[in-house]
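One chain, subunit A, appears in both complexes that follow, with subunit B as partner in the first and subunit C in the second.
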Partner chain A sequence: MTATVAQRAARGFMLPVALILLWQALGMLMHDVKRMPIPSRVLTAAVDLVGSGELPLAIMQSLGRVFGGFAVAALVAIPLGLVMGNVRSVERNLDPLIESFRPIAAIAILPLAILWMGTGTAAAVFIVSYAAFFPLVINTVAGVKRVERNLLQAAATMGVGRATMLRTVVLPGALPSIGVGMRIALGVAWTAIIAAELAVGAKSGGGGSGGVGQMMFVFYAYSVELNRIVVCMIAVGCVAYALDRLLRAALARAMPWTR
Partner chain B sequence: MDAVNGAVKLRMDKLAKQFALPNGERTTAVEDFSLDVREGEFMVLVGPSGCGKTTVLNLLAGLDAPTSGVLTIDGRPITGPGADRGVMFQDYALFPWRTVRENVEFGLRYGPAGHGMSADERNRRVTRYVELVHLEQAQAKYPHQLSGGMRQRAALARLMANEPDVLLMDEPLAALDAQTRLVLQDELLRIWGQDRPASERRTVVFITHAIDEAVFLADRVAVMTTNPGRLKTVIDIPLTRPRNDATRARPEFQALYQEIWNLIRAEAYRATVT
Partner chain C sequence: MTLLRRLAGVGIYLRTLTAAALVWTAIAWWVRNPVLLPPPVRVAEALWGLAMDLELFQNAAISLGRMLLSLALASALAMPLGFAMGMSRLTEDLVDPIVEGLRPISGIAWIPLALFIFGIGNTLPIFIMTYAAFFPILLGTIAGVHSVDRRLVNAARTMGVPRSTIIGRVLIPASLPPLLVAVRLGAASAWTAVVAAELIGAPSGLGYAIEWYRGLLMTPQVMAYIATIGVLGFACDAALRWLNRALTPWQPIADVGSAR
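Coming up: the complex of A and B.
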């Protein structure tokens, strides 16, 4: 028996809807409503925040920093990864350095970033590029190494020089792996910026530089509005999902041979 | 038969190639290998698997350096890969991110084969070779969208479009079914120029383990033995050109097939049993 589209959609939504209803019921049973966000109020808060333009503006501010930081990271990490993957001595020298910095979370770099660059956009972009750098460089190196040897040999037997080969064989051969690196990097960049804005908010006393994270800080530290914080959380998730879908579509366009 | 009397194109003199094994020992892939290939000649190397055929081809291509011995093209030593020696790899080595047409164009665009060529001339050359291998309908497709036979023809067109002096081909038809293989053997001879006088043909070194293929294509067949890889003997194939289906049915064809098979049979059996 084949289910209709509507039936299948209904089946997919059944569990989330049930959970939300349960959440609503539990929330209404609690006495201290202030400490418990409930779905109906979250929805009202969402309509408020979107309608007033506050949330869209905050998202745009955060996105601007993510794109800036991501671009900086890509411009450094991808060429560096190409060189590391091709020149053994460069890789041997840089790999220990990169691998020992990698476990240091972006947010742990924040104190230094704020001290050096203040609480503005510069520090935010720095944090984002730091977070995005590692997945980009590691996946670029892995991609270069996975380029099939016989393709390089084929180019060599056609008399193609090393620099041209890097552009016409190594780069496209590594591109699928670089694409995976980009997807991971964009994800961690988005995570990092929200965390950084939250922390920056703490330092500048709430009057800082905007963004979704900052907004959450204000709702948490000053006005204590849990429903609004949940709206921000949902927005963060939705934006992350949308970013990934867009990037995947762009990568598919850039690599028509993988379709 | 129009005998190949051209000058020596490729000279291999007492070539040896050893490889280091992961356990530190050295293994000899090829030993005391001497063979001259003349200009315009279709030379086929046959032998059981593991006899070092591919090693010899890689040495000629400059992808590997001999441990000892002399290796020259037109009297000059071979020190690395070069556009004068085109290679067709066993697994075709087509660029997955380029369409058939872009693959054929690759050497002309990025290598010395297309130097001084206008975009127009280049396009005409690419079109000519795409048509030669009958891939007009598939020229905008990517390699993964092609059948094995089409990929093979695309690789052949890419090799030919560069018009290298020497064509080095490593079991290019091995992965194909029997029918496609026969068709492509005919095509290969046509593209090589079997209808033209010998002086206008390119030099070919072709590896196969199929004896019938060797006899059908070659001017001479170099028979190799294994452990270590050595040249056993070189057999002239005096079948008239152009060759076609009728060639395969002739008694001389059968006799040559049998002669070569007798040379490698003992080893082939040994390789199968052990």
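Coming up: the complex of A and C.
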């Protein structure tokens, strides 16, 4: 009954391969629907888009915004979270504000961002940092609170100053939780940038600010190339997966004690 | 004691929000451009106007209705599949690659293709939200089934309890707490997706209303709708948390907010 690793891997391939074959067969049967995406056409579209450099460029543009927005959010949220976690009165007074804005999705802010900053990169970066801010700040606060009291008291007994305490006890103790926050934040940031680019594309008549989301919208609204939309979707998925994997590896390397 | 604490909490809450409103008013006065940044009073007026028109309630009801329908659909699809995957190695091996392959593709990335398939209307936001809620619920169900103490299942089995009863009386109650957390995560992710889906591809709902008023440069109305989205998102989570407590009184409430 217990299957070997190889058997389990083989099982894993069965259903996806079967589904792709079924999809291809269906698409070939329904050739009257000319635009229906089928695997073989998606593959040629992928080769085209990657070969011409369009897709890599769009991904780079989107990634640039994600990293920019993420950096802004981290620079604000992590220090703020550290202060909030350490100083009770700051937390009590700021928490209502954070909790009031947290349920508002980043995409809901987009119309305001467009109003304030236009349809360019600034609005996109703003949306990304808004989306990334909340998981970062909340997990930083939680991380600071999870630092063992014994460690803090031990350090305090030995006369460690506040700044040293923060650097050598609190920060390393809170780091695993901050890492979790970073992973969540990067995930939502990537989702938010696709949404923002899509919506900007939809509402500004496809201006040339670029990015994968915008590219998808152009394929939808102007050239109607569904195969290319599917290629973009797959690319979005791959980037999301790769981002999470890379960040997880980097965090594991930075914090060997969490493994 | 707890009542006093609560009152103090409400006091701090009001104080912070009042301070924020004052800062906002000051900035708005300094900007002097009601299209860019209307003062909070104007937003409150807009909110009142929209509520009196019943327009706010109509759009909110539409969005909430879509959300509930998608959550029900996603649960109906994801929970049985999750139980099947959690209980059988074979099913998990077969289905897991597809789940892991699709999961990184966010619901929002489906919007262009879904626009083409479903057109602008009710189906598109429901499809996107169901997709968005599906994965958290599925993963939570699997994790819930895995977290069930094997000894409970084995004990029931030794006593000759039939499989269907084991599922109904042991597995489902024991995996309920993580499952309800999963539904909360699913609801949060669906609520995020509703705005995006309605903003781009629906002729009604809160997201549509935001975009409509932005087009008219009526910023107070835009802000009023944004606030409504926040309040409803918070209310949905509070309702599910309450449901959580009511259904699994033996379980402390896990804070899933950080995973949003």
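What we mean here is this: the second predicted complex is superposed on the first by the 246 of 259 C-alpha atoms of A that agree within 3 Å, B and C clash if a C-alpha of one lies under 4 Å from a C-alpha of the other, contacts with A are read in each partner's own complex, and residues count from 1 in each chain.
By definition in this document, a contact is a pair of C-beta atoms (placed from the backbone, for glycine too) under 8 Å apart; a residue touches a chain by one contact, two chains touch by 3 or more.
Bear in mind the structure is a predicted one, so any value in this text is a computation, not a measurement.
Put subunit B and subunit C onto subunit A via the superposition and say whether they clash or fit.
In the arrangement built by aligning on subunit A, the partners subunit C and subunit B fit side by side.
Here's one for you: vertex at subunit A, rays to subunit B and subunit C, all C-alpha centres; what's the angle to the nearest 10 degrees?
Computed angle, apex subunit A: 90 degrees.
Looking at the overlay, does A:Ala195 come into contact with subunit B only (first), subunit C only (second), both, or neither?
After superposing on A, A:Ala195 lies in contact with subunit C but is clear of subunit B.
Could you say whether A:Met158 touches subunit B, subunit C, both of them, or neither, answering first, second, both or neither?
In the superposed model, A:Met158 contacts subunit B only, not subunit C.
Scan A:Asn139 for contacts with subunit B and subunit C and give back first, second, both or neither.
After superposing on A, A:Asn139 lies in contact with subunit C but is clear of subunit B.
Quick check on the superposed pair: does A:Ala105 touch subunit B, subunit C, both, or neither? Answer first, second, both or neither.
A:Ala105: touches subunit C, not subunit B.
Looking at A:Leu247, would you say it contacts subunit B, subunit C, both, or neither? Reply first, second, both or neither.
Touch status of A:Leu247: no partner.
Touching A:Ile229, do we find subunit B (first), subunit C (second), both, or neither?
second
If we overlay the two complexes on their shared chain A, which of subunit B and subunit C does A:Leu175 touch? Say first, second, both or neither.
Only subunit B; A:Leu175 stays clear of subunit C.
Output check: A:Pro256 vs subunit B and subunit C. Expected answer is one of first, second, both, neither. What do you get?
In the superposition, A:Pro256 contacts subunit B only.
Tell me which touches more residues of subunit A here: subunit C or subunit B.
Here the partner covering more residues of subunit A is C.
Using only C-alpha atoms, work out how near subunit B sits to subunit C after the chain A superposition, in angstrom.
Minimum C-alpha separation, subunit B to subunit C, in the superposed model is 10 Å.
With the touch criterion stated at the top, can you tell me which subunit A residues are shared between the subunit B interface and the subunit C interface?
Correct list for subunit A: none, the interfaces share no residue.
Can you name the residues of subunit A that touch subunit B in the complex?
148, 150-151, 153-160, 164, 168-169, 172-173, 175, 255-257
For a test of understanding, state which residues of subunit A touch subunit C in their complex under the given definition.
Those residues of subunit A that touch subunit C are 3, 8, 11-16, 19, 37, 92-97, 99-112, 114-116, 134-135, 138-139, 142, 180-181, 184, 188, 190-191, 194-195, 198-199, 202-203, 213, 216-217, 219-220, 224, 226, 229-230, 232-234, 236-238, 240-241, 244.
Where on subunit C is subunit A touching in the complex?
Listed in rising order, the residues of subunit C that touch subunit A are 12-13, 15-17, 20, 35-36, 89-90, 93-98, 101-106, 108-113, 115-116, 191-192, 195-196, 199-200, 207, 210-211, 213-215, 217, 219, 222-223, 226-227, 229-234, 237, 257-260.
Quick one: in the complex, what on subunit B touches subunit A?
Going through subunit B, the ones touching subunit A are 61-63, 80-83, 85-87, 89, 91, 93, 95-98, 106-107, 110-113, 142-144, 162.
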